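Should a chain be cited, it is by its letter among A, B, C and D, assigned in written order, with residues numbered from 1 in that chain.
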Amino acid sequence: MYFASDNSAPVHPKIMEGLARANEGYAGGYGGDAATAHVRDMIREIFEAPDAAVYLVATGTAANALALASHVDPWQAIFCHPSAHIEEDECGAPEFYAGGAKLLLIDGPDGKIDPERFHAKAKITGQLGVHSIQRGALSVTNVTEVGTVYSLDEMRALTTIAKEYGISTHLDGARFTNAMVALDCSPAEMTWKSGFDAVSFGGTKNGCMGVEAVVLFDPDKAWEFELRRKRGGHLSSKYRYLSAQMEAYLTDNLWIKLAKHANAMADLLAAGLKDIKGAKFIHPQQANMLFCGWPRSGHKMAQAAGAMYYAWPEAEHPEKGPSDELLTARLVTSWSTTPQDVERFLDLIAG
Amino acid sequence: MYFASDNSAPVHPKIMEGLARANEGYAGGYGGDAATAHVRDMIREIFEAPDAAVYLVATGTAANALALASHVDPWQAIFCHPSAHIEEDECGAPEFYAGGAKLLLIDGPDGKIDPERFHAKAKITGQLGVHSIQRGALSVTNVTEVGTVYSLDEMRALTTIAKEYGISTHLDGARFTNAMVALDCSPAEMTWKSGFDAVSFGGTKNGCMGVEAVVLFDPDKAWEFELRRKRGGHLSSKYRYLSAQMEAYLTDNLWIKLAKHANAMADLLAAGLKDIKGAKFIHPQQANMLFCGWPRSGHKMAQAAGAMYYAWPEAEHPEKGPSDELLTARLVTSWSTTPQDVERFLDLIAG
Amino acid sequence: MYFASDNSAPVHPKIMEGLARANEGYAGGYGGDAATAHVRDMIREIFEAPDAAVYLVATGTAANALALASHVDPWQAIFCHPSAHIEEDECGAPEFYAGGAKLLLIDGPDGKIDPERFHAKAKITGQLGVHSIQRGALSVTNVTEVGTVYSLDEMRALTTIAKEYGISTHLDGARFTNAMVALDCSPAEMTWKSGFDAVSFGGTKNGCMGVEAVVLFDPDKAWEFELRRKRGGHLSSKYRYLSAQMEAYLTDNLWIKLAKHANAMADLLAAGLKDIKGAKFIHPQQANMLFCGWPRSGHKMAQAAGAMYYAWPEAEHPEKGPSDELLTARLVTSWSTTPQDVERFLDLIAG
Amino acid sequence: MYFASDNSAPVHPKIMEGLARANEGYAGGYGGDAATAHVRDMIREIFEAPDAAVYLVATGTAANALALASHVDPWQAIFCHPSAHIEEDECGAPEFYAGGAKLLLIDGPDGKIDPERFHAKAKITGQLGVHSIQRGALSVTNVTEVGTVYSLDEMRALTTIAKEYGISTHLDGARFTNAMVALDCSPAEMTWKSGFDAVSFGGTKNGCMGVEAVVLFDPDKAWEFELRRKRGGHLSSKYRYLSAQMEAYLTDNLWIKLAKHANAMADLLAAGLKDIKGAKFIHPQQANMLFCGWPRSGHKMAQAAGAMYYAWPEAEHPEKGPSDELLTARLVTSWSTTPQDVERFLDLIAG
């Protein structure tokens, strides 16, 4: 019963097998191996983007910060939601990589940037000329940090405004596939067809060991990205082991199967929670992460049985209090969550 | 016959086994797992440094840049050899991480910083007060970039000068173990007993998949390092897979065995080259990398048979020229080099 | 009738005389002249801070950014009001100087940081450990950007919270003296007695040519500040001409007289505006800047007569519209504003 | 007898008069005044560059760092002489402004970059692709830091190589006019006709209070420069006082007259020194700065009489030693040096 984070799950066996297969003989370093070329072609095909530049890095923070830095100048703004990972969870990596660029926060319900507020802020950003931070990039996270999913129309609304104001567009897809299967759309629809210039395409949270692809739909950004990646210490010497993960991940639709499973487990969890007396969802459950409150008594039972998850937003559960008090938690499912895990957990919290 | 680089070798089977073992069930992310705590203790014990701060990152460039940035201010100098990896091969990563610090180059024969030149430069650095870059850190690479090995006395001579001038000391040990076994000394003797404050302890080139430890002998630097690592995108979420590599690497002296083997293969190569008519060593061979010239005819034979290595310092071998002309190459051996590889190669270049 | 900005006023004649007096013979560069030592002593005495480090720079943006950078690390937050000059009008200078630090915006009425919101944000900042931006510095602007003045109690409330959380404290005093005379307090009461560690003490807007003092009450920050100033290109070689301005400014209470005059002119303006039918203040007028709306007809008259001021927040006044529509403006008075200017202006807008 | 530095001289009376003239009434801030527009036109005409972007800043370090930062990326190299002001005297300002770019030092006699060494280094810079710092900009200082003057041919030789390798070109003209009058050439010949893309055109050392122009011959760099200037805190609010200095400086050929005078005084000094027994020039004297050794006895006499200058390169003159021992000094003349100063000084050191 581990619902703390999808990055606490193990690596899927098919990906371990891919790593083992890659471990034969010598291979050129720094991406000069055959698997890397193969992966690039696979991603271009999957994204229907034959000219895209494709790079692999080991962490999501690196993917986001490098992608953004390649699209903004130090005196420009990155527009994002206050709950965005780049604002809340990366210790200022975007500012570091982008030479001191500023994150401008655009709020909106359910973890989504409100288009009207974005429009209003985009319009006035830079209005004092040289005195102002200038417009730079928009970063949209899908699945959002509160587990909701932007629809294609919602993403399109934001990128349309961005383009009107000459703002580059980035999709933080740490949970890309969970969103994509929730939307039942294609990778191209999720990205460039929705107006995105660059995407962080996550693998780690969905069964890989540690690999994220950055896909730049504007190949003119490629060389700058490569230099930034090296300079940031993110060019792996034994690159074949990044490629091998991604290759296995993309083969036989493994990536899609894993995300569908994770989402299905969250659906199961949500369905069960709805039956718990007093349970209250903070945000709609749409992919593999949900935020829900239920009575303290259920928390006690679950935790006594070893269930792992984060109270949200509190730092920790108060030990004492009325047993019917509602306490909120974040629950995340992954490729390795089982229906048995979910059912046992629901039984426990139902008391 | 692959002598291009030690990072082109595969991962040692024991390390792959370690990764497979680690792939069981859930584990806390970001270093909150049992293997990580175990590895930290192993490294503290191996280095006889019970208070050291120990961190794992996936690349050597990250290890160097993060370690140095934690020891210098942006207005300070990093003293290093002109051939140092941090100067020549990291696209400015130390400058990036250290906020624009300056690398001051101190030359010396055989890839080693000359102590007198270092003393002279350390003395005058900062002499114009606020107008000057200030003294910051010394970075010493052992094994050097030209395959030589600083003796303990040579390292001590440099760190003694550094300490006289309040300069922090960093050891770039991308090939740490190759140097250590060449010197037949202990990890502590290689590092803090030789006056170093911090070390990049390489695993990747010596059989791992992608892991380097940074050991900070001053634990007061720990928190700053952790923040810099996160901000640089180098805090792995599924950290257990870094730890699993390092754990297997350090178990049963595997790290030492692999380095001894690589060095022995280079010894064998050097012994054979000495018998080649006209062969000329550019630098003494002391660990697992050598720089040697031999007649063009031998290069042609080796390359025709598929041998892989870099001409040095030329970008490529001229196709045409007198067959007895001396052309220089860099040859690197690794844990996976076989005596058969070496012998076949020597036969080929002997003509 | 020039109410656009206090930095559009000329230099006070006494300060021009000081510059002329300083222009005799040779003088040591970079602050090694007698006037600079004298000014340092004057400022220490005025602020009752015998150990303070005192520096002069030519712009307010430099003063703020250098002072803040000396108190925060790149992975830390600077807490400020959304309307703060450092957020809105410096093109990211604090982020640039502080290596990518993040400005966290704490709103509150009348341009003042709300203490409860600051407390709440200070409390949670850094709560995710290494994933979060850490607490750094608080920057308070007095006179605020909307012309209001924090009371000593209001400033103390904020710095008390800051100290509770280990947050450094900076006062942006671009209009320091206007606030001080409005509060009828001493320089020490405005600063260290109110809990501030550092202050940007403005001269330019109050009659100087271009000089701001940075006063660091913690002298341990002095050397870092000096290096940052030089590195930022803000160490003037002919420093005596900065010192001569400040010396004349501080002599015979000139600085206080000028600020009192500017504030009195704003009082006069405010008193007259209150009599205008339909006029509406956006914020209370408390120093030398006010934000007020009055009917379009009055704007037309004033502008036709050549009055200069900014419409606020609109970029420009719409040419057409109902003559009784309320349009808002920012009006700033300075040492050189005359009662005649004010009266003529009031006559015009009264229609 | 003040030969310590040309920045220790006072401001020329004509420039003080210009400042007084500018001090009338209100003027738009940040360059929005009439004098600023006039100065821009004057500089465009003087440089025969009708499209050039022209900016004023208060220090030479700011001029250099901002100009260079606008021409290099953080992962690029700035090629300069080891004695260059940007390497030795700016506490890393170019690295700071250029986001961590690297200065690559190209030596050569008499403070001048050797073209062959520059060619060789330019050729190999970036040869390891993404692992290497890339080619960025060349910075040439004329007058050099050792008082010599590059001929037009010498400058052209360097910029020709630069252009061959796609390297931008910057002229550090802190003593621009001293070099120009020594070469008897036009401003255009000194700059764009010699292949330079940008120039720091110094005023401060040649009689101004504190003003340097940056002239960008590629107007496409203008907006980036303006943002960098603001962000660096170098956009003066009361800009008219920078413009007034430059306006007076350029009027009636004042700038040329002052430089000619300073150079003539150095010629006089050099002529006298050549007659001193045992005197030895370290570098040829070609403008307003010279490096020469003469016997200790002469130093004692001059210093006893209050002469001010720097021993070079020693930090200070040893108190004791043989009276005929040669000690080297740097002597700088300025617009305010008088023939009487020179003659008295020569008398003293002749013993």
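Heads up, the rule we're going with is that a residue touches a chain if its C-beta (ideal position, glycine included) is under 8 Å from a C-beta of that chain, and two chains touch if they have at least 3 such contacts.
Here the structure is a predicted model, which is why all the values come from computation and not from measurement.
Trainee: Quick check for the class: compute each chain's Cα centroid; which one is farthest from the centroid of subunit B?
Mentor: C
Trainee: For the interfaces A-C and B-C, which has the higher count of C-beta pairs in contact?
Mentor: Ranking A-C and B-C by C-beta contacts puts A-C first.
Trainee: Indicate the whole-number Å distance between the mean C-alpha point of subunit C and the mean C-alpha point of subunit D.
Mentor: Those two chain centres are 34 Å apart.
Trainee: Could you put a whole-Å number on the gap between the CA centroids of subunit A and subunit C?
Mentor: 42
Trainee: Taking each chain's centre as the mean of its CA atoms, how far is subunit B from subunit C in angstrom?
Mentor: So the centre of subunit B lies 52 Å away from the centre of subunit C.
Trainee: Specify, in ascending order, the residues of subunit D that touch 2 or more different other chains.
Mentor: Within subunit D, residues 74-75, 90-92, 96, 99, 130-131, 227, 230-231, 235 contact more than one other chain.
Trainee: Quick one: which bits of subunit A touch subunit C in the complex? Just the residue numbers, please.
Mentor: Touching subunit C: residues 74-75, 88-92, 95-96, 98-103, 127-128, 130-133, 315 of subunit A.
Trainee: In their complex, what parts of subunit B are in touch with subunit A?
Mentor: By the definition above, subunit B touches subunit A via 2, 4-5, 7-11, 16, 19-20, 23-29, 57-63, 65-66, 90-93, 96-97, 204-205, 209-210, 227, 230-238, 241, 308, 336.
Trainee: Which part of subunit B faces subunit C closely enough to touch in the complex?
Mentor: Within the complex, subunit B touches subunit C at residues 30, 73-75, 99, 130-131, 134, 224, 226-231, 235.
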